[in-house]
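Order as written gives the chain letters A, B and C; numbering starts at 1 within each chain.
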Amino acid sequence: MNEAAIVFDNVSRFYGDVLGVNGVNLSIPPGVTSLVGPNGSGKTTLMNLMTGLIRPTRGTVSVRGIPPDRPHELFRVVGYCTQFDSFPKSFTGYEFLFSYLLLHGMRATEADRRALEALAQVGLLEAANRKVAAYSKGMRQRIKLAHAIAHDPRVLVLDEPLNGLDPMARAETIALFQQWGEQGRHVIVSSHILHEVDRISDQVILLSHGYVVAEGQIQGVRSEVSDHPIQILVRCLRPAALASRLFEQDHVVEARITDDRRGLAVRTRDADRFYLLLNRLVVESGLQLESVAPVDEDVSSVYQYLIGTQGGAS
Amino acid sequence: MATPVIELENLEVRLGNRLILKRLTGSFSGRAIGLLGPNGAGKSTLINTLLGFLTPSAGTARLFGMDVRRQAKEARGLVGYMPENDSFIAGMTGVRFVRLMAELAGLPPQQALERAHEAFFWVGLGEVRYRTIGTYSLGMKQMAKLAQAIAHGPKLLFLDEPTNGLDPPARQRMIQLIQEIRDRGDLHLILSSHLLRDVEDCCDEVLILKDGRVAAFCNLEEERRANRRFLELETRGADAAFVGDIEGLGCEAAWSGNGKIKLVLPDGVEVRQLYELAAVRQVQIRRLNHKRDSLEDIFLKAMEGANGSL
Amino acid sequence: MAVYKKTYRPYDGHLTPSWSRFLVVARYAYEDLRRSRFLSFFFFASFLYPLGCAFTIYLRYNLGVLDAFGLAPPKSFAIEAPFYLTFLGFQSMLAFFLNAFIGPGLVAPDLANNALPLYLSRPFSRAEYVLGKMSVLAILLSLMTWVPGLALFALQGYLAGFQWTMSNLRIPTALFAGSWIWILILSLLSLAMSAWVKWKPVAGALLFGIFFVASGFGAAINGVLKTKWGHLMNVSHLIGSVWVSLFEEPLKRGAGAVFFRVAFGEEIPIWCCWASLICLCLFCLYLLDRKIRGVEVIR
């Protein structure tokens, strides 16, 4: 068993009769992993299981080899940034981190150093001496992040960490995630912004109604969704001409002219042959291409196929 | 000349004793304007001032020609507001809540009730309009906020982080609704968001604030047109030789490993020529598009640049 | 076949007059209150005492009824200012309870989930908001205090004759003014508490605290410091003294009536009472100003 993985072995968690997650089998390698799914699909349950805040009703969880019934070990290794804002109201940013680090058993000098380091990493050094209650939403988000990383954990569980951050802070934080992922840490991020998920993570886990619907590398997931032929959108001046040439091929299943009559949505069973064919068609028939885009090699489309538009609790 | 929708003249606003908005000046009339800026730049302060929640310490702000201080009530009669934070009355049913809000905006009780129902159906909450808002999920509360913002038929709509906390299908629906409102043409939108993608999808113009001043104001459509010559390719089977061929055509190309190539087409070079090269080298061009991230660049440039004004 | 699509449409119809908007708030608050059966019951039960008083007045001028029952009339059966003072005291106590039930629920729900920005982003001001909420309280409390009081006076006037009515006009004016002072204090206090303390039971408890605990505290101060100024904290005493001065009743049985009584000899000058009541109102208005805002500024 890979010691550096987060492993869920046939895990289920129920809250009375209500389903949290059911039958989850996962082995999450280090790096940046995204948790994606509608509200109510079990993301928070999964995160709580990973951080040891709740125990599974059935099955076992092990985080880098540490089970959740050894919390004194587990909490050193895990940092959790929750979705909700709740702070001791009268603390300043610095005091909040400092006191928390003292709780970890560090000496004052060490705690001070790490608190300042964490504040520097999230860019809150100037505001460190203002009360947290007076922070703006973005600053509160960043102090939560600092709090999750201050004790240098190997596993970071972050629930919608980019919520409320302005575009620059988002880019900086994403860079931080990627940096931590490269250092061999586990960075588990839950997010609703699918095009960012594409950019930041190496792996993705899709949840729906408490079940894991798909997991793995994004492109890998797509090619495994075999009952759907690959969809590619080609924008060009005369889609009808292109369509007639495409229908001569046996791997093309569907070609649909888009509403604005300047594009063709093609479905094909063999993407490789299609692209090479496209090369030839452009050269031979003088096809004027504006853009080519595989419509579903990203999380958005996988989401669409597997979870659909009504996927969550309502 | 038509009255501009929003007019600012040396607007100064203080919070406590901090000066947040510093002599903001500008005149805006676009159909859909995005409001961007880093945290603390003054976006919420600007919206709060235009709504009359904060009083300017100097300068003036006008909505449809009406001063927000002296003609506050008339100005607010034309406005709809969808706040960023949770905003509802827990004990009321959805329809009753929107009806109350519509009546406060001046609609007679009967019309308010009719429009409340209409608004609920239009945002897609028709099924739950008789349930108390306290029982709504986050996505439903966001939609209910949108319903109360439009039920009284405003001329200017302030949307503050409308997709906040929404899961992907709900986000899509919200963006669609906003685009529908925008495309009507009789309603102006101000969309404040941290998600550049949302602003790109919904807005024609973008106002970027930094440190309480205007950092940039530009028209997205024009920017997009200017980006025709920038291409991004995702390839399979490409190698250094292929990139070399592209450069041989006269393009500036940057190859970022895993098959992604960014390039600039000089005048006279066509996309077809790229495909010729690809055909020869048996390279699949899996994705080809003209640069999408214009807004990101605009934003970054605005952050680096000195403060400007319109 | 015509197909109709649900879409957004603008509104260009008729708008209600601007001054009447605060009544919208009042109407909705009233509709919410009507749903509580306990409140409706309590409200109607508060008319029992006035009915009893009406019967007493009737008896006073129709002693023959007592004869018919074989009962002797009481010696000094005069219905004058003290009678109405007692009436006002009792009804005010009921009004206090009703206010404690209703008041906290008026503003707290709006603040609990940040609905105020939605109110204030419309052609609607903070003053109208407070006025709308207060008018619900004002109407209900009026119906419990001066309205039946004036009706009783009218009854007595009818039975006692024009002469008596004219010479006792001080009574209805005192009833009217006294009630309104009470209504104003109560409604401002409960709205202010409701705005500052978002949890309804705690706001209600605070109201009781201000009246009962504070008066006890004031008495303690008096005892310790051997002074009478502790009674400034006793709001009921302040109001009671004001009422007494309005009714021009010599201080025979101590100021105030029922539970507003304070020991004889420890009264505070009238102008002090008025001043402290006005300060209390201003303080409540200040609290409301701080909390009823579109955006809260944390310094």
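Quick note on the criterion: a residue touches a chain if its C-beta (ideal position, glycine included) is under 8 Å from a C-beta of that chain, and two chains touch if they have at least 3 such contacts.
Computed from a predicted structure; not experimentally measured.
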Minimal step count in the chain contact network, chain B to chain C: 1
Chain ID, smallest distance between chain and overall C-alpha centroids: B
Chain at maximum distance from chain A, centres defined as averaged CA atoms: C
Centroid spacing, where centroids are CA-atom means, of chain B and chain C in whole angstrom: 49
Inter-centroid spacing, chain B versus chain A (mean Cα positions, whole Å): 24
Separation of chain A from chain C, taking each centre as the mean of its C-alpha atoms, in whole Å: 58
Chain C: positions in contact with at least two other chains: 299
Junction residues of chain A - those touching two or more other chains: none
Chain B residues touching chain C - in the complex, by the definition given at the top: 15-16, 44, 48, 51-54, 72-74, 76-77, 79-81, 83, 85-91, 96, 100-101, 103-108, 111, 115, 118-119, 121-122, 148, 150, 152-153, 158, 180-181, 184, 186-187
Contacting residues of chain C [partner chain B, same complex]: 6-16, 18, 21, 24-25, 28, 32, 109-110, 112-115, 117-125, 293-295, 297, 299
Of chain A, residues touching chain B in the complex: 36-40, 136-139, 160, 163-170, 192-195, 271-272, 275-276, 278-280, 282-283, 286-294, 297, 300, 303, 308-314
Residue ranges of chain B in contact with chain A within the complex: 36-41, 84, 137-140, 164-169, 171-172, 194-197, 236, 271-272, 275-276, 278-279, 282-290, 296, 299-300, 303
